[in-house]
Amino acid sequence: MRIGISTGGGDCPGLNAVIRAVVRAAARFSDCEVIGIQDGLEGLIRGDGLTTLTLASVSDVLARGGTILGTTNRGNPFRYAVRTEAGVVERDVSDEVIANARAAGLDVVIFVGGDGTQDIAARLGAKGLRVIGVPKTIDNDLLATDVTFGFDTAVGVATEALDRLRTTAESHDRTMLLEVMGRHAGWIAVQAGLAGGADVIVIPEIPYNVAAIHACLEARRRSGHHFHLIVVSEGAMPDGGSVSLVAEQTAGKVARLGGAAERLLDSLMQFGEYEARVTVLGHLQRGGTPTPCDRVLGTRFGVHALELARAGASGRMVCLRGTHVTDVPIEDAVGRQRTVEPEGELVRTARAIGVCMGD
Amino acid sequence: MRIGISTGGGDCPGLNAVIRAVVRAAARFSDCEVIGIQDGLEGLIRGDGLTTLTLASVSDVLARGGTILGTTNRGNPFRYAVRTEAGVVERDVSDEVIANARAAGLDVVIFVGGDGTQDIAARLGAKGLRVIGVPKTIDNDLLATDVTFGFDTAVGVATEALDRLRTTAESHDRTMLLEVMGRHAGWIAVQAGLAGGADVIVIPEIPYNVAAIHACLEARRRSGHHFHLIVVSEGAMPDGGSVSLVAEQTAGKVARLGGAAERLLDSLMQFGEYEARVTVLGHLQRGGTPTPCDRVLGTRFGVHALELARAGASGRMVCLRGTHVTDVPIEDAVGRQRTVEPEGELVRTARAIGVCMGD
Amino acid sequence: MRIGISTGGGDCPGLNAVIRAVVRAAARFSDCEVIGIQDGLEGLIRGDGLTTLTLASVSDVLARGGTILGTTNRGNPFRYAVRTEAGVVERDVSDEVIANARAAGLDVVIFVGGDGTQDIAARLGAKGLRVIGVPKTIDNDLLATDVTFGFDTAVGVATEALDRLRTTAESHDRTMLLEVMGRHAGWIAVQAGLAGGADVIVIPEIPYNVAAIHACLEARRRSGHHFHLIVVSEGAMPDGGSVSLVAEQTAGKVARLGGAAERLLDSLMQFGEYEARVTVLGHLQRGGTPTPCDRVLGTRFGVHALELARAGASGRMVCLRGTHVTDVPIEDAVGRQRTVEPEGELVRTARAIGVCMGD
Amino acid sequence: MRIGISTGGGDCPGLNAVIRAVVRAAARFSDCEVIGIQDGLEGLIRGDGLTTLTLASVSDVLARGGTILGTTNRGNPFRYAVRTEAGVVERDVSDEVIANARAAGLDVVIFVGGDGTQDIAARLGAKGLRVIGVPKTIDNDLLATDVTFGFDTAVGVATEALDRLRTTAESHDRTMLLEVMGRHAGWIAVQAGLAGGADVIVIPEIPYNVAAIHACLEARRRSGHHFHLIVVSEGAMPDGGSVSLVAEQTAGKVARLGGAAERLLDSLMQFGEYEARVTVLGHLQRGGTPTPCDRVLGTRFGVHALELARAGASGRMVCLRGTHVTDVPIEDAVGRQRTVEPEGELVRTARAIGVCMGD
């Protein structure tokens, strides 16, 4: 049995734990071989990016961030960018992918990735390839699983940033804004905000009202607190506004991330004088050593994926429900995001301890 | 409404997050006052250890380990040690406790502690005191909640220790044993062992067989690995053995913790030559800054406890079920430990990736 | 004897260690009182921001970033901004400062701060106030001392950032640029760059040549490395260029820091296609728990400052020379920056291991 | 030119930085090859443990603890343990070592190690082998260099331990003792003790007086502090005592480290009641990721060693003096330890802020 494995989308702490677990779990079976596909599906599209993964390949990778297989945000085989004389055009190369997988003798392919990757997996599954999904998203916004690896590490980085910014805020009587990941869901902002003692947490799910935020900070000042910590999801937007979440990156040219926190600060300035500073955490949230929690979750997911592959399953995605690892149809994870409930327990907890949720 | 709060048993990262959340959540209500009881129930037994907790009291405590209220492993009011002329005798001072609580105008008392503390709370509740429980255990062995704060921090410390020991093990071709907390349950050992890439994990739930462990390490050597990482729960014991878990501490005199890893190593030595070293993590696991995860969980528990108190509940213990904070009768958490299932998913995951579970 | 102490300029990990050491060292002498001046010299200018510092005041501050006295980047008494009907005007309030210090019975004032603060101290000293300086600069660019506290912490934060960015760079075959502090001196960039294994380090002392950097990265690509780590000091500028280091902050309005890395990337883009990302570390470098090294150095500086104060010295600044704490005339530290020698051992070391220094 | 490199003695964070720097610095010269000697000198004694180190060999090792070459505490070629029919006997195999080095074409060998290793290097140098020394000692007790890599990491681990123990000490009103490395010199104890805010620091250089320590703790109690942090060097001994520093390890059998802190606590118990706990940090101090400081110092040492090797030097050891890397005769580093001066600035600083130095 030959099992392919591919990591797609943005890198994420815990990916190597998944790969390692799949390889180690397969190593118990003499008839089981794991084939690593390089750079998302590139290795399969090009056909030459396949390598056998041995125990030695995954030695010493558990504590390393990123993915030893490489990954890419491009490479959707249904809309694959090809350079032609007429310029770059998109082609559907999914048949080649499936043909290449068969030519390589792959019985099944494990797709580790976010909802984009899972969508690709589901569609390749529908065309006859045996596929297993393993969810991955730092933002924690994937449906059908309670949590994914990478999220805990990201929250850890964001919380440490808040701990650092707090001392400067206190010493200088400043307002410090921290922009964290979360285009559609405010999970990192809420968790890190609660953990780091933020005064204001602004998330995409709750459009913000600048006047309300200003009033909250004024109330803090009146009670003797002259510094403020504000956490802003990158997808935060004002109430009634229609901020388009255009990436600041133009084609072929890359700028730094961020913008939401600056927009919020600009608006705040209309209401009063703020000695304020903005920090955009950006890529620091997704790299580096995974937390123990993420290493364990990645390992559990990897073992379960291998078991599904061995059992002949297809179209299933591994997931965590409560304290148990189980699996669901891949389709359940695709198409929508799992967002923070504006009236749910987390937000109520934040409000209960006096955090302004931006509204 | 006057709400008492007490922290009992060993200290634990996240206790201050609970206290802070209770105080901040109460601050929204003008009729609500929170009274901190010093040093477990000592403050109430002596009657003079009560202080009003204000927002200022809990400023800047979120990221601090330990408990600002103080705690103690002594002070069970049903068996309270009193020095008399005839020596130390145990008395039931529970009536005084209740009387003192009433004299202090406490409408309800929140007990943050492990199963010993929850048992006391339940019994005081049965005698008429309104009580709310908040579970606390680094070992994660409390029934009725999926997880408690403090556990994630302890796993983090243990995993970092494994990461450190690994480099020495590799460089010196050594066997490194790490003894971690867990008298009755191997949660820390399993989680940290998985996160830190341990080769052998020995837990109380699975009596160990030294010959099997030796065979596992020999097999590793034959495949070219001359170093080994072994994680041992303090409550680990050999198959068929009857190791009494006597604390090494004699009355009035305190030695360092540990013993399980040394016992295991002594036994291993009978089977072969080991260049080995033992590290006992001990108190390093329970102190220091809580992880973001533990800060958030403590905050959620504190808010829910305050809501229960406000709602007039009694005899309920806050708990986490899946992703939700809810509550159960305190009695559900008392009397037994939540242990690692020897055939459960965690252990199967460990075995699947080639970890020797000691048997 | 009454000893005033003030912290000026940007906050810095280790300031509290200095304050604590001064207070604890003074506590041995019954005739010695330490008076904390709030918010730089504001407390003395306003005359009402003075508090007696006791052992309790400095309990538990050793591991905390920032300064318990508060600080400000404003407040130069020789050019003090005062709001008048005619707008904001600058006044020389140094006589008031000295008069207020005398009225408060201060025999000597310890100034903890960077070269701006030391300049103020020297000038107040010249006008008759007894002054002692303690150097402080995260950038490590102060003359007359080998190193200052805060620098080690900043290098730690920057190195951890590189460790994190590396995994993303590797996984995605990307060029990651990290902008770190250092307007006039590249100490943080060089140390963190060496510690974090950067491929290119760009510092103010060595104007950069974009073509040379591009050539270096191309050479890496040809040898099979498709990712690059570049560290850029905020004061980096192109060879022959005249980039004015205008803060992006306009009066009364504050933007996020940075710009040097983006400028460099823009220039690089002219030479080839770069899949690149910029991270600006900004305020994360100056907050948070000081490293042990910075806590110890702050403590040693504080004790020496107190000894100087007790001994009747004035106009002296504490400093580190080799492994010894000693002192020099304050004037020695003022007016110029201590910069990285372009031909010195550090830069030669970097070049020797193949780091491109931008030229 | 073929340059051998060997790491000897206990492992130490920063060794890989040295190896990497030597290899990368050599890679600039087409005529220069670096040969790694496995497991101290074992690779050379056996003659088969030599491998060419390439840029790929040292890729990704900068942030890793331990040594990729392996090391051993055995393997002194002048007293090499050989198993014979008559049992284990010690032989002088230094001639074989030199012959093997010549047979392998090594022009010079770089010895990275502590004073034992430097002594071996000096003696092999005297017999005609070209040798260069690079100092290594976590304890920081090597003569002829101001500091060595590994020390900063060890101080970091010990300080973090104190930060953790402090919260438990405070919460439980306990006395926590931490035993750290340092058989002959108290550098780690003093630096970590100062950084972690210890109340008592006991080092080998200052024999301790239990009555004085007890009196110090009693004085703390009287001023309202009911918890104490005590740092104890493993080589600490009582005044007038003659504690032989026998390793607790007997031949072929290995126990855990420690003993000094327990001995101190036992003695303290005679003077009063102590609710106390002992933690022995042991191997946690020497493993794991090196701090940025240690990575940079290792890199600088490695580059300088390669330069010495290229320049035809022999018998020189790299060292740090003030802020500069330079070199001295190897003999200068051998035979004695660099210890903490009992009347020096560090100890005076500790005393000045009220730390009891055990006497």
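Read from first to last, the chains carry the letters A, B, C and D; within each, the first residue is number 1.
Operating definition for what follows: a contact is a pair of C-beta atoms (placed from the backbone, for glycine too) under 8 Å apart; a residue touches a chain by one contact, two chains touch by 3 or more.
As the structure is a computational prediction, the values presented were derived from the model and not from experiment.
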For this session: Give me the chains shared as neighbours by chain A and chain B.
Result: none
For this session: Compute the centre of every chain as the mean of its C-alpha atoms, then state which one is farthest from the centre of chain C.
Result: B
Exercise. Between chain B and chain C, what is the gap in Å from one C-alpha centre to the other?
Worked result: 42
Exercise. Distance from the CA centroid of chain A to that of chain C, rounded to the nearest Å?
Worked result: 35
Problem set entry | Geometric centre distance via CA averages, chain D-chain C, whole Å | 31
Exercise. When you check chain C against every other chain, which residues touch at least two of them?
Worked result: 163
Problem set entry | Chain pairs that touch, as defined at the top of this document | A-B, A-C, B-D, C-D
Problem set entry | For the chain B and chain D complex, residues of the former touching the latter | 7, 10-11, 13, 15, 39, 64-67, 70-73, 157, 160-161, 163-168, 170-173, 176, 252-258, 261-262, 265-266, 269, 273-280, 282-284, 286-289
For this session: Please give the residue numbers of chain B that touch chain A in the complex, ascending.
Result: 20-21, 24-25, 27-28, 62-63, 146-147, 152, 155-156, 158-159, 163, 191-192, 194-197, 291-293, 295-296, 299-300, 303-304, 306-307, 321-325, 345-346, 348-349, 352-354
